[in-house]
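Read through the structures below before going on.
Two complexes come next, and they have one chain in common, chain A, joined by chain B in the first and chain C in the second.
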Partner chain A sequence: MTACLYTRLDTVDDAVQCLASAGEDGHVIAGGVALGILMNERLVKPVHLLDISRIDALKRIEVTAEGVLSIGALATHQEVLTSAAVAATCPLLIEMSSEIACERIRNRGTIGGSICLGDPQGDPPVALLALDAVVRAAGPQGLRDIPIRTFFQDVYTTALQSDEILQEIRIPRIPDGGGMAYHKFSARRAMDYATTVSAAVQLACDPDDGRIINAGLGLGGVGVTPVWSKAIADGLLNATPCPEIFAWMRKMVHEELSPIGDHLYSADYKSHVAAVILRRATERAYNRAVAGSDRR
Partner chain B sequence: MASDKKQPDGQKFALESAKQQALWQREFQQIVADVQGQALGPNWTANSSPRNIGLPLPRNDVLYKVRGTARYAANISMDGMLYGRFVRSQEPHARILNIDVSAATQAPGVHAILTADEIPQDRLLVGTHDNDTPILAKDRVRYVGEPIVAIVAESVEQAQQACDLVEVEYESLPVIFTPEEAIIVGAYQIDAEAEGNIITEHRHDVGDVDAAFAAADIVLENTFTTEPIDHCFLEAQAGLAFVDSGGTLNLLVSTQYPHFHHEQLARVTGLPMEKIRVIQTVVGGAFGGKIDDTIECASCLLALKTSRPVSMTLTREEVFIATTKRHRLKFRQKLAATKEGHLTALELDILCDGGAYRSYSRVVAGRCVVHAGMPYRFPNLRVHFMTAFTNHVPSGSMRSFGVVKMAFALESHLTELAAKIGISPIEIRKRNGFVDGDVISTGQVLQDVGLLKTLAEIEPIYERRKRELAGVHGQGQMNPGRKRGLGVACLGYGIGYSGIRNPSTARLAVSADGFVTAFCGTPDIGTGSDMALTQIAAEALDIDLGRLRVVSGDSTKTDDSGPTSASRTTYFSGNAVCLASEDFKRQFCTAVAEKTGCLPAQVRIDNDRVIVQNEPLAFEQACRLIADDVDAIVGYGKFDPDIEIDISTYQGNAYPTYTYGTHLVEIEVDEELGSVDVVRYWAAHDGGVIVNPIGAEGQVEGGIVQGLGMALWEKIVRQEGFIVNPHYRDYLLPGAMDIPGELSVWFVETYDRTGPFGAKGLAEASIIPTPGAIAGAISNAVGVWPRGIPMESEKILELMGHYSADAAKSATVKGQPREPR
Partner chain C sequence: MSVDISLRVNGAEHRLAVEPTETLVNVLRNRLGMTGTHKDCTMGICGACTILLNGQPVSSCLLLACQADGEAIRTIEGLERDGALSLLQEAFLRYGAVQCGFCTPGFLMIAVALLEKNPKPDRNEIIDALKGNLCRCTGYTKIVDAIEFVANN
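Let's look at the complex of A and B:
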């Protein structure tokens, strides 16, 4: 194992500065869940590791005055899962976080790390796409907001520049009467990662006629990046769940997605699974929305 | 020079210090006393006879294992120890043109580099049954992952870094990845001795199969396939080799068979047998995968070369790519029956991928041939079994030696037959299952057969759940799109090697302070066999369990009794312990008689006391009495049943006894996705009299879970000779969450008249029915028959016709969805 330079940073400013001076050699490490594996397998050989895991300012989870849920990049999956602020504003993230690996890994892995990795099979990106989150990056020029729907660009490639650090994830206020659901398919129930397909749906419906008036969705494990489909989301507007809409969604899933076949499942089967679980997530989200509006 | 850390015998280097060991032993003795005091278990009371057999004792190794203090081979370190790593082939089949180690020689920390050139040709090849596998590849590599160079350095990292600097120049040779290609006339001959690339070929023909098929009311015929799988023991192969101050080469190693390594090392190193000692360390699982040479010879040669202790531990990736796998096989099975559901004929044509070297391929083949059709009466039987060389990692032994794969096919057909003639899957097995007096295909007459008892145990549960599920499905109480199904499968499995003598021995010695040590040839590989042997010895000697200690797994302290495999240990070594006990008691009583001036017949051991002319003495008192002669007392027992099969006719006694069982599984299929959840599982076993119910139950549960992984998920996937999923993240092993919520195990307890206190073997065979039972349950739930394992969701969905690549795309509705009403 080759030696590498290691710097521990205490503030975001220090981290940004250090990253700028390290240049292409710099590798940011937080929980180390993904990077640790890559380094163990010597797929990544960092020259300079920048440890941001002690920056307390990046661990906050709070709801701002405007109702935006702000999650610091270093919040662990377990912290998201158990956060009262998240539970009150965005139960989808609770449902999603509970599907991430096991508690030991949730205690290490951070939501920011998961997004920066850009893993097409990661759970948080899928949910955040459905929620239309905004990613706030800190760089030498200051802060920059990036809509998550443009964040995932290619295989393990995101819109984050090499001199930027992910600071927080901002989730806009969910309108009343909304419902959301996360659904994940895996071969086993035990902490599966190998081949998972996941779908997140967030929607709101008209309390009077039940039409869907707002829809967001995300899909994982069905392409080179986590996927957001404007076409499918738009197609749901003004509809109510019915066999026809689901048949249409199924067709769209097959048209829009390009899953990669692997040693376990064919690409076609993954598309099939994606269509089924997207429908199930939509039904569940809709039922929750309806139940929510009934309560009002 | 290596410091030879003194370790008390028999603790398998399990704990670091003698002090820790003494603490642990005291603690364990307290547990024994507590359990005996509480009289746990349905078959045991304080006054019961036998006193120790059937006692639900926790195993004596669990305390240090669950606390994390057990020392596995990789945890043991010595002063001056070096670490070894291998350079492995990156080619599936190639000539080695050149090996350049010059850069590695200069790498930091490197002490020695070993290549095949340094090993004389007559010492280079090793193997359990055939010496055909080079310790390090010479001139040619036959599979990706084959070791070529071994390097030792001061740290694992340095050794690995040096390995990365070795440059091997290859010239590619024709590759063969399937046995079908291997047996084509003119195919490249992978092994110099094996014409036509055939490792082993067997034919077994009983009765008139053709006539039976012609006369049959019902014939079922299908082709079945299985994928290679890994043993997935948690502890990778690991060992530590060193030369002690007396000049003896010591190898501490995680293995199923220390004597095998001992013998091989004598040949490979040229050292005399008495200058070698192989000690088994605590084994973190084996399942047939720690029975070949991996790190043993290389680490010893390097320890001799450097005069330093050498530690080698495989990485998980190496375990996947470079150690033996379960055979991949493809076979055609044809079964004939009458319309009343009586089986009349079975025909099997099996082709196996044996990989690049022989390993246990012949053993697997032999066992499968004898087990064809088991545990059912087939008056007519024809088996053709062939295993061929390929350029894959060698296939070897794994739990049940292939019988689980045959059972998958046979049990599928049995259940299908039952459905065709309209009887229950239990009933078809009752009509055809072995009973006392049945004659198997080798001509052997069976006795003490508990198969129908296990079926009787399962039948009421099957009938109840069938009724309940019919209600649930009928009343629409199931979630839409989900279907439950029940599946049944049986097992019959021979104990010990197939058709050859395979004796086991035991020695019993006693100390003046009243402790008895049983030296047993077959080691404990994590199954709890030492505990079972302790109980058997205590029972046979009629002394307290607390006095007994089993020493196994030390090649210098025990006779070669074969490996712990093939369900042998409880039955073979247990019987050897019983025989040794008789010898021991005779010598012991004679010694006491001489001291007390009476006749040996007037002395006997009874309930931990020694009765001398009706005067009871405490056992340790008697031992003190004969303190001067105590070392001379060595009870010896050799159990060597008359097992022999004529391989030309396949006639004879295949095994001394057989274990049986019936499994029932309830599964739930997601009809849209094809995925299977295992909801409930029931297993009834005839393992003879159960020596230790806690251990037995744990072993059966483990077999079921291992079978479940094999049935639903596990497979080694290869592309051009490279394994693409050599990690636990993409090799799907069942986890705790995948284990059925209800998992119940029963023992029907047949008294085996040839077993130690009526016991048979048990643990290994519990994997056998699982895939077949699950296949039956899938068919019961959704009406399709998977013919290959693993039975993956995509395949099930395809069979259901709910999904196919084309249908998935075409199932569309034109245009935009309609507006809501």
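Let's look at the complex of A and C:
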């Protein structure tokens, strides 16, 4: 057995420096939920573990003066779920976090870890795609902002470079009059993984005629990465929810997405489910936008 | 390399050297001889290895021991007092909430966490708190009954 090195980091600067010197051998560990599974399954055998889980500066959740919701990469799913700042500015993240596994996993798993893993069935990436979030990475050259919609590049592959650490997630201020919803389909009530398909929708409507004037959406479990579809989101503009628009969305889902069929569900069935839950999430988000009160 | 750590398990401090990749469940069971915490799926799915880390339920199969350095850990071994089972443990026996017993430590620890946060949960809150723990014998009803009994007494 090769011995593994372990370094506990206290600051982002130390972590970036340590990662640079560890090079390809460095494995950043935060809550350990995803990496723990990969290690237990012997799919990953770390040479040098860089433990960033105690960097307090990465645990903050706050709303900046410009109205940006900034969530530190190390905020746990449970902290997001119970955050007053999140509830006040972005209830979609509360609705999404409540769907993540169960409390004992939410207590360790972090929002940053989930994004860095880039799992196509993870919940946070789907919601953050709908919200048009920006991911801020720290590296040897300083900070770099990456739009989440360009972040998920391929199977478990993200735009984060091997010498970068995810520092925070920034969610632009949600304009008034918006509505948002997260919807997840799973066979089990909790802890389901293999069978989930999820959709997040954020909408804003014209207060006078109810037309959709802004739309963002994310989809999970329907491809090799979490998916953002510009074509479908743009197609909602100037529309109001009606059977015709949902029929069009269903057609687009079948055309645009490439779910991976598995031993439980075929690709075609997953497309069908995605269309159904995307419609439900859209309806719920729209109703909330029209009602003028986001779900708390 | 090994890492020197200190674990406060059920109030007692243990100093030991661990490998960075050793999980807490393995350290509890193999190093400290505390085999009450059960190890099953090692993927965070089943809940059998649930322990309390600073009062919060976590999966000890996914927590590296070195990440728990200096933290307060509670396991099923810490539930009894002076050799007597806790009210919750007694209730599990009384209601037949234990069959093969493999999942039981995890259910007890998740129930402890629930009752400490919410001493009077209703039945739906109990069911919701248990949703991440798997039991293949009881059908869950008797586990919920046992926790409900404690909540009402």
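In this text, the second predicted complex is superposed on the first by the 290 of 296 C-alpha atoms of A that agree within 3 Å, B and C clash if a C-alpha of one lies under 4 Å from a C-alpha of the other, contacts with A are read in each partner's own complex, and residues count from 1 in each chain.
Methods note: contacts are C-beta pairs under 8 Å (C-beta built on N, C-alpha and C of every residue); 3 or more make two chains touch, one makes a residue touch a chain.
Source: prediction; values computed, not measured.
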Which superposed partner A:V33 touches (first chain B, second chain C, both, neither): second
Greater chain A contact set [chain C / chain B]: B
Chain B versus chain C as contact partner of A:T240, first or second or both or neither: first
Partner chain in contact with A:C4 - chain B first, chain C second, else both or neither: second
First (chain B), second (chain C), both or neither touched by A:L49: second
Partner chain(s) touched by A:L160 [first = chain B, second = chain C, both, neither]: neither
First, second, both or neither for A:G210, with chain B first and chain C second: first
Partner chain(s) touched by A:M191 [first = chain B, second = chain C, both, neither]: both
First (chain B), second (chain C), both or neither touched by A:R108: second
Residues on chain A lying within both footprints (that of chain B and that of chain C): 189-191, 193
For the chain C and chain A complex, residues of the former touching the latter: 1, 3, 19-21, 23, 42-45, 47, 50, 53, 56-59, 61-64, 66-67, 110, 113, 129, 131-134
Contacting residues of chain B [partner chain A, same complex]: 157, 161, 672-673, 675, 677, 712-713, 717, 724-725, 729-730, 732, 734-738, 792-794, 797, 803, 805, 808-809, 811-813, 816-820
Parts of chain A lying in touch with chain B, wherever the complex brings them together: 1, 185, 187-195, 209-211, 235, 238-240, 242, 244-245, 247-248, 250-251, 254, 263-266, 268-269, 271-273, 275-276
Sites on chain A touched by chain C in the complex: 3-6, 8, 29, 32-33, 36-37, 39-41, 46, 49, 51, 53, 78, 101-105, 107-108, 189-191, 193
